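Across the two complexes that follow, subunit A remains constant while its partner is subunit B and subsequently subunit C.
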Partner chain A sequence: MPDVTKTDVKTDAADPVGAAPVAKAAESKPEKSRSLWGDAWADLRRSWIFIVSSVLIFFLLLITFFPGWFTSAQPVLGDLSNHYLQKPKLGEVGSPDWLGYDQQGRSVYARVIYGTRASVAVGFGTTILVTLVGSLVGMIAGYFGGIVDSILSRLTDVFFGIPFLLGTMVVLNSFPERTTWVVIGALGFFGWTQISRVMRGAVITTKQSDYVQAAKALGASTPRIMFRHILPNTMAPVIVVATISLGVYIAAEATLSFLGLGLSGVSWGNDISDGGNSIRVAQWIMLYPSIMLSITVLAFIMLGEAVRNALDPKMR
Partner chain B sequence: MAELSKNDEPQDATPNVSDVEVVDAHSETEAVAAIEAPVERGEPILQVRNLVKHFPLTQGILFKKQIGAVKAVDGVSFDLYQGETLGIVGESGCGKSTVAKLLMNLERATAGEIFYKGQDITKLSGRAMKAVRRNIQMVFQDPYTSLNPRMTVGDIIGEPFDIHPEVAPKGDRRKRVQELLDVVGLNPEYINRYPHQFSGGQRQRIGIARGLALNPEIIICDEPVSALDVSVQAQVINLMERLQDEFNLSYIFIAHDLSIVRHISDRVGVMYLGKIAEIGTDEQIYDHPTHPYTQALLSAVPVPDPEAREGRERIILSGDVPSPANPPSGCRFRTRCWKAEDKCANEVPLLAIPERFKTSDTPAAHESACHFAEEKDVVHAA
Partner chain C sequence: MGRYVARRLLQMIPVFIGTTLLIFLMVYALPGDPVRGLFGDKAGSPQVIAALRHEYGLDQPILVQYWNYMKDMILHGDFGTQIASGRPVTEVLGDAFPVTMRLASLAFAIEVVLGIALGVVAGLRAGRLTDNVVLLITLLFISVPVFVLGFIAKLVFAEQLGWMDPNVNDSTDYGQLLMPAIVLATASLAYVTRLTRTSIAENRRADYIRTAIAKGLPKSRVVGVHLMRNSMIPVITYLGTDIGALMGGAVVTEGLFNIQGVGGTIYESLVRREGTTLVGLVTILVLIYLLANLLVDLLYAVLDPRIRYA
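Take a look at the complex of A and B:
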């Protein structure tokens, strides 16, 4: 479809000055205008990776916001009479017994459902924080250049040089109560460098383009050039990196929880860690949170992949 | 030129050290008034004096040390008269586009002055600079990169009105944008389309419409047609000529296609390695060139007539253009010139009417920066 409209427009150019395009458009019906985002969206809708990943993410978000719709059991309610050797009753889909019980007699199914909220919250929260901070730093460094760029780029290098997990572990270790916000803050504190670098590179390229020069020639103010011209044209690579890193942050949160330095509440990482102790007698305690974690990370990375394919004009 | 030194206005731009504040505020209002005053047809509207732009070459990563400079523009002077088209030709890398950027104040000049209606725009800022920007606009070379791909045509052409809200009241803007589209020969219905839905020629029309939006007096065209097909080039050139008559515009037309420059220009300046080699009316430059570089350039223009082509002498220059970071002493062209003598290496030839033609009124009597300027008949088509 897009090809048809494009060739239509191009043939106009060969006609003598002005007259023909006017006549031509008069007979063609008013068409819907399509931006690059519109083209990307049209591409996305045809991509099976995007469809599969967005269906998965839709369910994850549903579980996050309405865990009560999926289970009546409470994740923190332990009944020692349901001790962990009680095997999963795989036939009873959706019942608290479905995926068995853990060492303290808590329903594994309920914990998997309620653990989703922690993972998704940390994933989205960290990604938003990292995108904001990274974009801002990268934008300022790339746009102003010179000494500002030197200082900010070296700062980015310093943070980039700190091992990500080690850094977050050191920070989290100093918090007795690790709420969602604390974990988001710690992951974001060390995670913004990648987006900052991507943004800086994109801004430097865009800054030199003719349309930015044209805006300057019109007398446009710095905020106008930054937000009207540069930002919209640098968002594509940032969105791609952000979408892929969403999955990475979810995995990082689970890793931290596994190491005992993650969220204090219900979290897949905590359950995987606990389940590891009894893997030989009660594999299900570790198995089901791991499956959910894998599916979630996979869904977000697939989404990132699909978005990248759609936004990268060279892939078309 | 000499008569400019009589002009006392440029001195206003240099504030007194004693009361800088007062003079600044005073001169800004005065500058805006001067910029908004109309200029008679045929009067100089833009005067460029000894314009210099050196791009520093630096070494070192942390502590940058300047080790030289690329002398992109090195002492360029010319006048632009109201209502005329001044063509600037020269090969790639001779500094044409840098001159355009300097005139637009997109690059800061290293030295020299650009007087717009007597105001030195290299020293203006704030309100006065904004007034200048409204009156000097630019059309870019590549229509594929000069339009923001994330904005609709309506937003692109309407942006000048957002930046200079005094030009068009808010409710009026959509109508103004549609009028502009109509003026450049595009369907006003296209207002909600994006640039990638247009062909190269149509995009260049959008770029021209954006340049026209603020009703400028001068449009600087930096190779506006060199990225277009030949058939489309003619349309765009004709459009620009029509607009010049309609809106009383002055053009600075930068190009490397000599035929197009002759077609559109009233006067032509030939640039070589950051300097102007020769400047005059199109007849003087094309039919009576006196600078060897101009002669060589013209002899390279393809001639469509095979009979005329057989007999003509082609001047083939040896070697490459020297690096602008390390230009030759004296005359810039001497390393490739068949007339070069010791004098050329020692003395920089001034851009002036050659002595021997001064008294006569032949067309050869125009400014040429050569010690041995003389006419040479070059057969060419342009």
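Take a look at the complex of A and C:
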């Protein structure tokens, strides 16, 4: 018989994120009713995707805050006697020679370690900025509706219509010195639209609820209704989008650096771009930052995936 | 239907004006001056510079420049003149767009065919090994940035195996464009696969599917007609927004494989402060994006007869 005849329980039971044991546990023993967040947390703890990504992110944060714990070499100190054509000494884990040297005699390992900070900072910074701006715009558009909504929605359409990468390229091109803040600002300038749309949709649904009407009837002020009553119930979809976009912004920063329009300092994208010139003779200059970048993006996208599976009731 | 299309086209006008104005302001707010750039290392006499600036209309207030630019563009199809070469921008666009169109449409075809096929296979086997393997692979595809993927493809297929040239020499040859197109399509392919999978996995338990099976329809018809048609809406929505993204995202892929398309032209005009070229290219990308979205909305009605546009 076709697979299509399978019952609901069967399909859920085989959910790849391990929702199955949770569902069974919930059925077998009577528990006091949990909130959406309690449920989500219980789901998350049992999801292997969440565990793997958390461990990875924990290490990334360690590297970000304490790069000195991982290497004694300096990322910007070039010593041309360390010729870049000599093969990396893969046996000597953690030494400056470990992953070889780049064209200017700088330790690739040290650059990989110190480059983490730039990526993680841009990822978190942009996500926070985008979440704040997007939520605010979406909340105002959704709550007030009417002409305010029309104007803000068209504004969102305008920013959404410009290709993301091209827009940030144009903005960044006008800054000679591109610090972390400048890159965050440029990515955020075009990035807030998605959260704003999600938030607007969630607010419009929540606004109809009885408890919001009740709060209004009791004479609660507009900010109070918006932030105390509506906001907590619209956070779930926003958090899902924000978590996934963390990884996306890290990849975007590296892409911009790769094009020569990203951060001015130590950054994986810059190293991958430089290493690309020596790809025939010294693949490692490009390879190790690429691996590290991919693992980082993967970790944050997996985290987003796990959070979405936990928060989206449809996935249960 | 006709009225709906007319209303949607009218709604596109403010968005189109807003987007082009934003791009225009951003580009012209850039420091640097293409006219001074014409003189290279020499200073250039102030009179000549002033005359050239006047000729290109750069001495007028920015909003007047925008108004003139849009007027010429809409009334005469004139996108201005490229300052460094003196060529009309339409000519530059005419060279670059077909190349990127070929690359993007090849990538789009790969993403639609492979993405939907993989998604259907995974969705029908939701929760089993095939599904998990597909999910894992797509997760990897999403995580590896496109330029890393491009380098790996060049390293493996061009340097080690020697199956292809590292650069594209003839951009009309689809065989040479295949590898760049695959690289360009990978991330979108993964998204299409995942969307299709989720949608199929959700709909295959629906009542109408049970009815179709109970009627004794062959499996191919149940899946191919009943299930597919009802599962395609989120996928089509994504595909619609992706056409524009593919053309914009080609900046990186074109640079990697040395293809002379829109991406390369955009990058060049950005670095050389060629405002007119940049605005023209981005305007066309925005138009493509807006029209694709309109098309998607119309497709909804074809896929789901419950959606009617009065």
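Here, the second predicted complex is superposed on the first by the 282 of 316 C-alpha atoms of A that agree within 3 Å, B and C clash if a C-alpha of one lies under 4 Å from a C-alpha of the other, contacts with A are read in each partner's own complex, and residues count from 1 in each chain.
By our rule, contacts are C-beta pairs under 8 Å (C-beta built on N, C-alpha and C of every residue); 3 or more make two chains touch, one makes a residue touch a chain.
Being a predicted model, the structure only gives us computed values, none of them experimental.
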Partner chain(s) touched by A:N233 [first = subunit B, second = subunit C, both, neither]: first
A:E305 touches, of subunit B and subunit C: first, second, both or neither? second
First, second, both or neither for A:Y211, with subunit B first and subunit C second: first
Subunit C versus subunit B, contacts on subunit A by residue: C
Doubly contacted subunit A residues - partners subunit C and subunit B: 5-6, 10, 13-14, 16
Parts of subunit C lying in touch with subunit A, wherever the complex brings them together: 14-15, 18-19, 22-23, 26-27, 29-31, 124-128, 131-132, 135, 139-140, 142-148, 151-152, 154-155, 159, 201-202, 204-205, 209-210, 213, 219, 222-223, 227, 244-245, 247-249, 251-252, 255, 266-267, 270-271, 278, 282, 285-286, 289-290
Residues on subunit A engaged by subunit C in the complex (per definition of touch): 2-8, 10-11, 13-16, 154-155, 157-159, 161-167, 169-171, 173-174, 247, 251, 254-255, 258-259, 272-273, 276, 279-280, 283, 286, 290, 293-295, 297-298, 301-302, 305, 314
Parts of subunit A lying in touch with subunit B, wherever the complex brings them together: 5-6, 9-10, 12-14, 16-19, 21-22, 24-26, 30, 33-36, 209-211, 213-221, 224, 228-229, 232-233
Touching residues (chain side subunit B, partner subunit A) in the complex: 101, 104, 106, 129-130, 133-134, 137-138, 140-142, 145-152, 159-160, 162-164, 184-187, 189-190, 192-194, 196-202, 207, 210, 214, 231-232, 235, 238-239
